[in-house]
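In what follows, chain A forms one complex with chain B and a second complex with chain C.
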Partner chain A sequence: MSTLQPAATPESVSDEVIAPRTKVKKPKKSAAGDAAGALNSRWASFVAVVIAVLWTTPTVGLLVTSFRSQIDINKSGWWNAFANPGAFTLDNYRQALEPGSSASFTQYFINTIVITVPAVLLPIFLASLAAYAFAWMPFPGRNVLFVAVFALQIVPLQIALIPLLDIYTNKLGFGASYWSVWISHTIFALPLATFLIHNFMRELPGELMEAARVDGAGHVTIFFKILLPLLTPAIAAFGIFQFLWVWNDLLVSLIFLGGTPEVAPVTVRVAELAGTRGSAWYLLSAGAFISMIVPVIVFLALQRFFVRGLLAGGLKG
Partner chain B sequence: MLTTTADTDVGGFPLYNGSSGTFLPVKEGNDAMATVKFDEATRVYPGNDTPSVDRLNIDIQDGEFLVLVGPSGCGKSTSLRMLAGLEEVNGGKIWIGDRDVTNLSPKDRDVAMVFQNYALYPHMSVADNMGFALKIAGVDKGEIRKRVEEAAKILDLTQYLDRKPKALSGGQRQRVAMGRAIVRSPQVFLMDEPLSNLDAKLRVQTRTQIASLQRRLGVTTVYVTHDQTEAMTMGDRIAVLKDGILQQCATPREMYDSPANVFVAGFIGSPAMNLVSVPVADGGVKFGSHTLPVERDSLAGGGSNVIVGVRPEDVEVGNEGDGLELTVDVVEELGADAYVYGTPTDDAIKLEGGDDSLVKPFIARVDGRRVPMKGEKIWVQPNSSHMHVFNAESGARLSH
Partner chain C sequence: MVATLLSAAPSGIPEPFLRAESTLGKFMLMFFAIAFFAAVFGLVLFLASLFKGRTGEKAQGAIFAAPAVLLLAVGLMYPAILTIIQSLRGKSGDGSFSFANYSAMFTQPELLTVLRNTALWVILVPFLATAIGLLYAILIDRARGEAFAKALIFLPMAISMVGASIIWKFVYQYKQTDRPQIGLLNQILKVFGFETRQFLLDAPVNTLMLIIVMVWIQAGFAMTILSAAIKAIPDDIIEAARLDGVYGLRMFRYITLPSIRAALVVVLTTIGIGTLKVFDIVRTMTAGQFETSVVANEFYNQSFRYDAPGLGAAMAVLLFVLVIPIVTYNIVQMRKEA
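And then the complex of A and B:
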């Protein structure tokens, strides 16, 4: 994830060496420009690199471990692996992917995808609709309601688990079906999603909406044709958070779906890998990396939507 | 009017190469008569005691270019937005043609609006921006393309149709905003200070372009500006607002020659009219050493003081001791003429219309070849045939 490290590029560093002060002192227009200037110094680059290295080291260790044999893992730390490169093996991956007690990894993967996709799209859709109403449709009690929605985040989701389970199984009768996780994840995500998207939407210039209204657009057209395209950065940002959260979630799906291979997600399988007594814990690192592949791909794919200046040009001044 | 060559009939809109000189559709029947009428229209913002627009009455003729002008906060934009349907009307009615649009939503009013900051859709190309309204209206694609291209040709935007707004200059964006309005062939154009974001040179150019385009298309237009020069040069008629109240609605010439009150007198014209509070004397008003003849019945309701207004070009510089004595502060040379800014030597004489605590100078236009020196004393008097007399209390016009 080197894409996340700003100011550490060789260009910016060498630039700084050649023209130490003069270039930085150029009049800056915005606070963002100031911040960018401050971050461009050699010290800031150094600190950024140190933080990045510290942050990445455990992950690298995990990756290296996943390619070592059980005996090596038990005997020595992962950094010793480089002394004997020939000892790297794919055995852990082979074992982890092997059909276990009841089902293969593929089945769990499919389960996770089936859980995740609606659990990401549903809150985005509902929250952006709600955010539109909160941002651009005046109605009595709007502010109070908005604060109430946001305040709901204070409630920890663990508190809601048992009552929700009760409602799903006893009142609605779809316990242990995907509906229960979809709805639960949506419920837990909505306050933050509404808040984030509302704040972003609120920043959009009101004239755009007014221009669209004069052009003959109703709320639905304004929402889909004008706002949604402009909301892409906010939706991508929230989408990534929600995707990672749902993909890595063990608690919610374990409680509402249980551990049966037909419905359980990858996380349940990874937790199971170690075996009931932890005898196969050396497989965990391989399992973790298998489950990480998709989030990494999603992150890299959605990253390009974090484009700045999406609004540029629509308005003057 | 519609006897010119009927070209094709696409999507229910007959296309004429008619008076507009374009192939943009021309409205027929009732739609063609796009008069606009503000009938006691009132807007009170929630939480305010005083209305922002107070019982506005304006009749706008079909094809007329009406300019709403006034200082900031006078309610001109609010009036326009009420007509657009973006602002609620709390009292009175608004008519477009013979339709009462008071409670209609913007999309049902058949008006197009140009915003001060253009409000282009940043994620759409120029062509999509211009065709957006037609697309919503369900006009077919070929027809949209045709009309967008036609409008682009008029506005010289053809080569930019596929660009995004961010790749355009300020003037081009302004033209796209115009294009978005004219593509629709609405009954009424609404323009909210569309030139205020352009630089001075471009503003003067675009001013002329908009005015000529409007004459060419013949679409009723309501134009909001705070710039009285824009108002004077563009409008068929001007409506001056102040504090939400209509002060006067007249042609630029009428507005200049016989302003209805002190406010209009001071607002219209550049440099501004000199407004001097002077005592009433026997047979007229006392202006310095002079008594200016004013008809008796004009002064009937005026009290002991009246305000005399005289435009800089109607000031005559007289002989020593003849008229109002001024000390020359500044002289602005313009070549053929010069403007003399002076203060009356008599402190008791006050000039009206200074909007802040600054002392307002008395301005006189003089021949460029005989310019007084700074610090010199001159005596001025108004040309009595171009003199305006106003009530000192109400500010209303007394002379005819």
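And then the complex of A and C:
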């Protein structure tokens, strides 16, 4: 990422020195090694900026809208808002966060938190245990089971939803409760989580485990004292993945929880509002950003781990 | 169907452990759940530690793996089999065995539209997102402020598809041409003297408008993976090519592209899989009306709104069947790369 990489240095130097003089006519001498160098570097920057602007403008539009009054939003486009900066207001957020009002998202926001935390922790518990067994504990049928768990990554969660709903309501008596979503998210996350953590564990040196065994440590001790601390990067990568997945999920919550304020998360509420009150932009815009702020912060803070998780092969449900 | 299933809860579990109205109650429930799961976790470890000796060793491994394996068997395998059976038992899912649902899928005009739309999504989204992601990754490679430029494109990955749908629904917002516009796209049409359009209502343009949202989300993923792959090309290869007089577009064609081929396949297939299952965008923006439905959305509509769980199950099975070849290819490529 940094421009100080040794590989980048000779190139960027020659780029700066030669490119301004030669331009496009003699691409041979514009020494940049990649396609960007084939274009005039000014054009390259221009195209990059155009893409960046295209990608951010829609979000900026809704963000600006969320700070305008209900009347202004429907009277003029958000791009007119800058002409009168005094008109910006926090009213939409006040309404959207005010506890007790029918427009409030607070309850739904709390539901999202309550749904997300166990739905991230539980698969980490179970997957790291299973991954340890698959990686370092010989037991009969181990390879077959591991391949089965691995292969389950391809099963789309849609195929399990309706029978699962039946099991929860008619066999376990959960009804529309958090337990249904906690367990469902865990189930759907297990194949990927086990696979990721297993791959990471396999790369740890076996001598580490053997030495501990010689010293008389049992598997439980090894798991907690030696492996868990080393696993942090893998768990962080998966944890962020799962956090974003659960926090942003619509389908699983929609099916197992419905839209009641007691249990439904923000995404379900926002989607519902978009259907029934599609022009209530003052509420929709504020609600959408309330639901986005947490994942964006988490993502920006822990981007490194997330990208690593993606690179390790983020196939899911 | 959801409502009837959810209300009929013959629960043996005391209500406070299932649901809570107050915020405090909800958090108590959450902490109780975490403690409960931790206790189960501890119990598994305790049980495992009881087994000693050589045979005990094997039992320990089985016990460590058991919770995950059991949960997957009961919560994923078994339901999947039930769904496959249900898809073969007529529209209601409990009649006699037949292929009626599958033949309906390929003959009924509305369902054929669903298949056509799904095909459009699966072809357009991976290629557009990958092309844009690759172009951007190359343009900003080693540029000043690269990390910031990446974050701009990548952020849509962090937000929910529901949020993304709201953002774009506002861009597409329609007002009659002579009135002041609030949607950016119609404002642009108006400035250039065109009539404003109902982007989400007019088929087949509306499907393209939904596809744009998915491309917007996925381009950041493509960019991140491809950027990492480009940076991983060994410098000596580039140097050698340069000594041979290979520059610019030829460098891209003969060095960069072949070097990142595996990453390209992974990106295309991963986005393809995600696109096949796209539900949130369609449901939030059009609910599948106006000829915009796709398989994953039709699964939901048939199962929960049109009271045709058998047909819904067939949609889920179709999704599964369509995903298999892409995933297989994806995994084979990843293996090769690893």
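What we mean here is this: the second predicted complex is superposed on the first by the 197 of 317 C-alpha atoms of A that agree within 3 Å, B and C clash if a C-alpha of one lies under 4 Å from a C-alpha of the other, contacts with A are read in each partner's own complex, and residues count from 1 in each chain.
In the analysis below, a residue touches a chain if its C-beta (ideal position, glycine included) is under 8 Å from a C-beta of that chain, and two chains touch if they have at least 3 such contacts.
Model, not experiment: these values are computed from the prediction.
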{"item": "First, second, both or neither for A:Ala217, with chain B first and chain C second", "value": "first"}
{"item": "When both partners are placed on the shared chain, which of chain B and chain C touches more of chain A", "value": "C"}
{"item": "Touching partner for A:Phe241 - first (chain B), second (chain C), both, neither", "value": "neither"}
{"item": "Chain B versus chain C as contact partner of A:Ile73, first or second or both or neither", "value": "second"}
{"item": "Touching partner for A:Phe88 - first (chain B), second (chain C), both, neither", "value": "neither"}
{"item": "Which of chain B and chain C A:Arg142 touches, first, second, both or neither", "value": "second"}
{"item": "Chain B versus chain C as contact partner of A:Pro229, first or second or both or neither", "value": "first"}
{"item": "Partner chain in contact with A:Phe109 - chain B first, chain C second, else both or neither", "value": "neither"}
{"item": "Residues of chain A at both interfaces, chain B in one complex, chain C in the other", "value": "218, 310-311, 313-315, 317"}
{"item": "For the chain A and chain B complex, residues of the former touching the latter", "value": "205, 207-208, 210-218, 221, 225-226, 229-230, 309-317"}
{"item": "Residue numbers on chain B that touch chain A, as the complex places them", "value": "84-86, 105-107, 111-113, 115-123, 132-133, 136-137, 164-168, 170, 173-174, 180, 184, 190, 197"}
